[in-house]
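Shared between the two complexes below is chain A, which pairs with chain B and chain C, respectively.
Take a look at the complex of A and B:
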């Protein structure tokens, strides 16, 4: 069953194999589940699984076949409802996607990721992404990424509970400043 | 015992008392009376005696009251006083006679003593008599009013009466207070209310204050002369309230004579008076300080925003110094060096000096001018004084690091061009800065001095070495002076180099070899933008020109050609364009027309085809002609560059401070960290909290710090 897994280059499953793997699992490549699986497997590099990761991953999930894993998927997704779990997952994918060589994540990638994982969790997600494109145009640091999650949980619908002495990153300070008039103008409409 | 005994004895005593009251006591036998009283008490007839005495007194004093009440107003006090004195005298006699009763019967039954009882009766029959009580008060107050209006009154009579009132209260002041004092205070309050309101609207502030002083003294004297001493604090409070507190604001704000005009005109006496008067009441000084602060800030603001300032930086600083002098004087002479007032002044100065962010530069320029020319011929004392005063202004600057940068630049020019008027003065200035800001601030400045000394010593050995050269060597006897500067100490320069004329270059080589001969591993870079040269030039007469290195390079070109175009000069010398243009303009300006240009003299820019010709018609009265640039204040462009450098420096300083603090504390909460960092840097500049935040984030990214996993506001140090 390990051998059933798609291998091109003896010790690694690369992108092509990955695609097939996910297909067999019935997951779309843009589905958040691809990331969840990567997380559960403890994958180090985006777009590939090592043999060890693959084997250990299956073992820790107590699955023996692809079908087992497929069945387990819904429960994996449900796990994320727990805040702590989700936070671990969220912080993981930053490192996973950016790769080991850099300290920051490219802006476009970050935006895509956010649209996948923070959909329905962050009420200002669209506003946030437009802000970044308009004002920031630089890569995203780990600090910003991590704190955005906390921010999304903390901030209220009118942004009135924002504490600007609250040790938020300067980028988020700027965002709140930029967004607050836009929100109130929407309210007025 | 004889049943009539008590009655008989009492009659006897009563008769005696009556005589005493009629002032006929001389015929009485003290011993006999005493014995009788004694016996009565002994045989338990104390009640009868005591009660009887009371009755007698009441009846007598009633009559007395009648007499007093029928006196005319003019005599009233006198009559009352007499009645009081008589009463006291007779009571003393009566007391002596009945002393046994006092000792035994009275204390046994806890009754008031004979004398005290006498007082009480006097009070109820006389003082409270319906035709006396109010009249007494009215007359007393009238007398006081008259005295306030300038009439003389009989103060000893007044004193007797008030003392009488005090005595009538037995062991308390209650009679005095109720029957006199409270009314005195309320009428005084009314009186002063009216007087002060009336006076203040038709008189100047200083006149009003003089009047207040007068009245205050008067009241104090009044208490001393004929009121009870307990009244003193109360009447003081009343007068201070009515005359000062209630009108403070009007007084201080009075146009034309209030605090502001006093300050403007240095009216020391008036200010002193106001300080003392307003110091008596609560918030008096607070009000003064408020107005003072506002006035100083306004004046300061005017100086700072004066448009003329742009052209005359030294007069700007001088104006600041003058303002400081003025207020120091007022503080010392009028405000008694009150610390709170000093603090207010300091705050105001700090406020407007930092309003203009070029203040640090201007102050450095001012010091530069003094150290170059201004202090020439000044005594050591005068120098100390001037520099101390400037230091006072320095203390107010918030951006001390900006000052440091400019001071370094200006000092460098002074040292290299040998412009200082006095080495001692320079060192003195540095010592003051060191005391103020610590060793770090001045270490580089001191390094610059050391370099100059070292260079001077080295030049001595260089000259010796040259003298020992073979006289036939074409380079023997060169006159070259080199200052070797340690890079870290001196302000950083752009390292643009120009092409030195061949002869000069050779000399430089010789020196370089000499220097490196003994000092391996060092690197020398010639700073051509800082040097000077003396050129012997032949016009119609011989002259010696004192020029900068760049100017020398330009002029020596004309040894080989009588005229050159701008383009040719540029390519031959390689001098940076802005410097080249500036120097060409100087050399061809009407003042120093050593070169003649083909374009119009007035033209500020130099087109490529402009041609320069050596002007052999150059004339000057002096043999030695100096054509050096002076230390200038920066152009706007230069300022931006300097500001950028300063911002860069500050970023590093902030990061260093953050790391220092975190290393010591290991973990710290966000707002505490910001506060701590600000505190550490405040002797140099005021860091903006947002910038500190950005630096923290940068340090997080570079993994010097991290946020705590549990609390986003807590930072931890990563070793």
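Take a look at the complex of A and C:
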């Protein structure tokens, strides 16, 4: 732990330390694994690990050293194949990244995260991001974030199974309305 | 046991004789008309004894034999009669048949008594125990059965034909003996009496064919009639026919026939031609043919669902008419004109409404389908866009117009018109917009001190009745403030007298509670010293009793009566009383010292905003009686004037109405000077406090304010629902909150949903973890 710990505050690993940590684990900073690790460690604040979190994390993963952890990484990734697991992880990320001070997540951050986390899981990801940039331009609420996952699971390729009465957030309603003609025009081509 | 021998054969012969005698007597009575050989009591007893002895013998088969002998006896009599009858046809047949049948049955009843003993023991015994017990009947019934099996069977077709012909002739208008009909009905019933369900015989033999024939007849008749007559005529005919048939059924036929006959006729006369009738209905509405409509209603209310289509037709028709009126109004794009048209426009709507309420009462018996159709139609077009102003605002102008007394109406008429207006209002979705506008107008009226208090109160009461007392608290508060201010005034006057040096100005102050009044202080104003003294005087006076309250002066309200001394063209000094707003008074007083001022001068001295200055000064310039001259100094403006001259074509393309609007312009680069007054016949002149252009701006403000208030209301309603229910689905939440809000306005479900999300973000409620449709209240 002390290897990575911050100079001033021995109880925390800061961003710089984190970078080294991940490097040693062989993970790129943009890799989803950084988030997975943070999640497994129960980290509270984006960009840092507390001493407790670090130690507890290693314990709960049953690793003694960095090398153990490195070996465990593929299995951690595989865990996410389970729906429930992934959902927990997904919802965790929102709170983790936005921080404890605000209720909403900055749009650009959100888009970046989505590109990492929902890649290959959400067929309309690109469409969604364009829509947000064009129409929304505001931060993302927790409700929207959480429900987007459900939406990605439910919606079919032509968006024809969208239920108006399904209690979706207004933003997603708007998205479907905006996107449907675009999809059908693609089909027509 | 020693029983004397019983000679059955001989006894039978005796009996048979007796029976024949009776029958002869009965049946031939009419034929001979004279003496009939009646049976003496002695002979009677004899026959009775024969039967008695016969039946008390031990030989069982003999009893049965007796029965069968009687049976065959009946058969032969009946056959005889049938032969007699069968040569007849038509009415004669009917008459003869009835006569003979009656006599026959009379005889049979007679006979029954002779066979009493059989009835007592043997027959019931047989009925219960024998194999074919059911076929053993009591004697008079036996007679009837035989009659039916033989005579009736033989003649039934002829009879039926005769009866139906009779009916047809009657329908054609010929006079026939309908008593034959009723008597025959009795005859049918009589014959059928022994059946399990007595009426079945009648139904089968007569009723069914009768109804079939009726249908045929009317089908033909109605089809033909349509080809040569109008729908109006047809309806009359149909009504006639239905009445006729009903009468016939009631007077001459069996009660069970009436309902079936009725529905058969209705099916043929009405349902079959439903389409034609429905199509005509629209033109009836258009040309307001009340008699036709009444008749139409009565006819169609007879058949199931007959009225559904017609009420739909009426609804669509009303929608068209209403929309046409609306379109006319909404095509007026000029603000001033739209305003002027508001009164006649609303009047037209009221008239339309009244007309149809009348029609529904007169022609459709206030049937709820039609009432509903009318309500739906009105709700649809009343909520449509009406151009420059919203319907709520137009309605408000109208009410304002009425309550100011601008229409010459008697008290009764005023009441009525107000009532109709409130009825129109109840169709509105956006009631809250009206209330905001109404409050604004009411405050103007109240402050002008010229109000018809009875009418105002009556109107508010009516609103309360129709739409609930949602806003009346504020309105009543407004009235109260005025009353209090009036009561306070004498005390203030007393106080003023004590001031040294005397104020010199007669001042009346109205104090308003800012919770109730939709007014705000819109600008500062630097008052002249005289006015300042007055202001201070009142503040001192007021704070004596109400220390804690803060007074904010509304300079943009209130008016001033000012004496204006001016020279007429001949040089004589003339005096004129000006009734102008406070603002205008201050502006004008500036000219006491100098003849000419620029816009900026005025503004600086009085500390007014651009808006308000422009607004207040315009009427002084553009009124018929010009007080001030406007001098346009800006180079740009001069250019514009030139342009106008160079491009006459462009100008003519503009609709004439636009010219009116330009007349209110005042710009910041203007200068003003006192205008020369011509000779004026009046002694006082009132100027409007501001240009009407403001009105359109106010309209926009109104809509913005409404939006904001609505958002608040929506959120309140949502929280209220959630507090009560704790958990519910999203859609339920939206619909419950919406129905609560309906008495104010019709909420857009999208906006409601968005508000729910905002409330979730702010932590007042949250979505369920598992089921995304459920919402939980967060205390």
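To be clear about the criterion, the second predicted complex is superposed on the first by the 181 of 189 C-alpha atoms of A that agree within 3 Å, B and C clash if a C-alpha of one lies under 4 Å from a C-alpha of the other, contacts with A are read in each partner's own complex, and residues count from 1 in each chain.
Basically, a residue touches a chain if its C-beta (ideal position, glycine included) is under 8 Å from a C-beta of that chain, and two chains touch if they have at least 3 such contacts.
Since this is a predicted model, take the numbers as computed values, not measurements.
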Handout entry: Superposed partners chain B and chain C on chain A - clash or fit
Key = clash
Practice task
Pick one for A:45: touches chain B only (first), chain C only (second), both, or neither.
Solution key: neither
Exercise for the section: Could you say whether A:141 touches chain B, chain C, both of them, or neither, answering first, second, both or neither? Expected result: both
Practice task
Please indicate which partner A:169 is in contact with in the superposed arrangement: first for chain B, second for chain C, both, or neither.
Solution key: both
Exercise for the section: Pick one for A:103: touches chain B only (first), chain C only (second), both, or neither. Expected result: both
Problem - Those residues of chain A which chain B touches in one complex and chain C touches in the other - result: 103-104, 141-143, 146-147, 150, 165-170, 173
Fill in the blank from the handout: In the complex, the residues of chain A that touch chain B are 103-104, 141-143, 146-147, 150, 165-170, 173
Exercise for the section: Using the touch rule from the top, collect the residues of chain A that touch chain C in their complex. Expected result: 103-104, 141-143, 146-147, 150, 165-170, 173
Practice task
Could you pull out which chain C residues touch chain A in their complex?
Solution key: 729-731, 750, 753-754, 757, 760-762, 767, 772-773
Exercise for the section: Mind listing the chain B positions that touch chain A in their complex? Expected result: 670-671, 690, 693-694, 697, 700-701, 707, 712-713
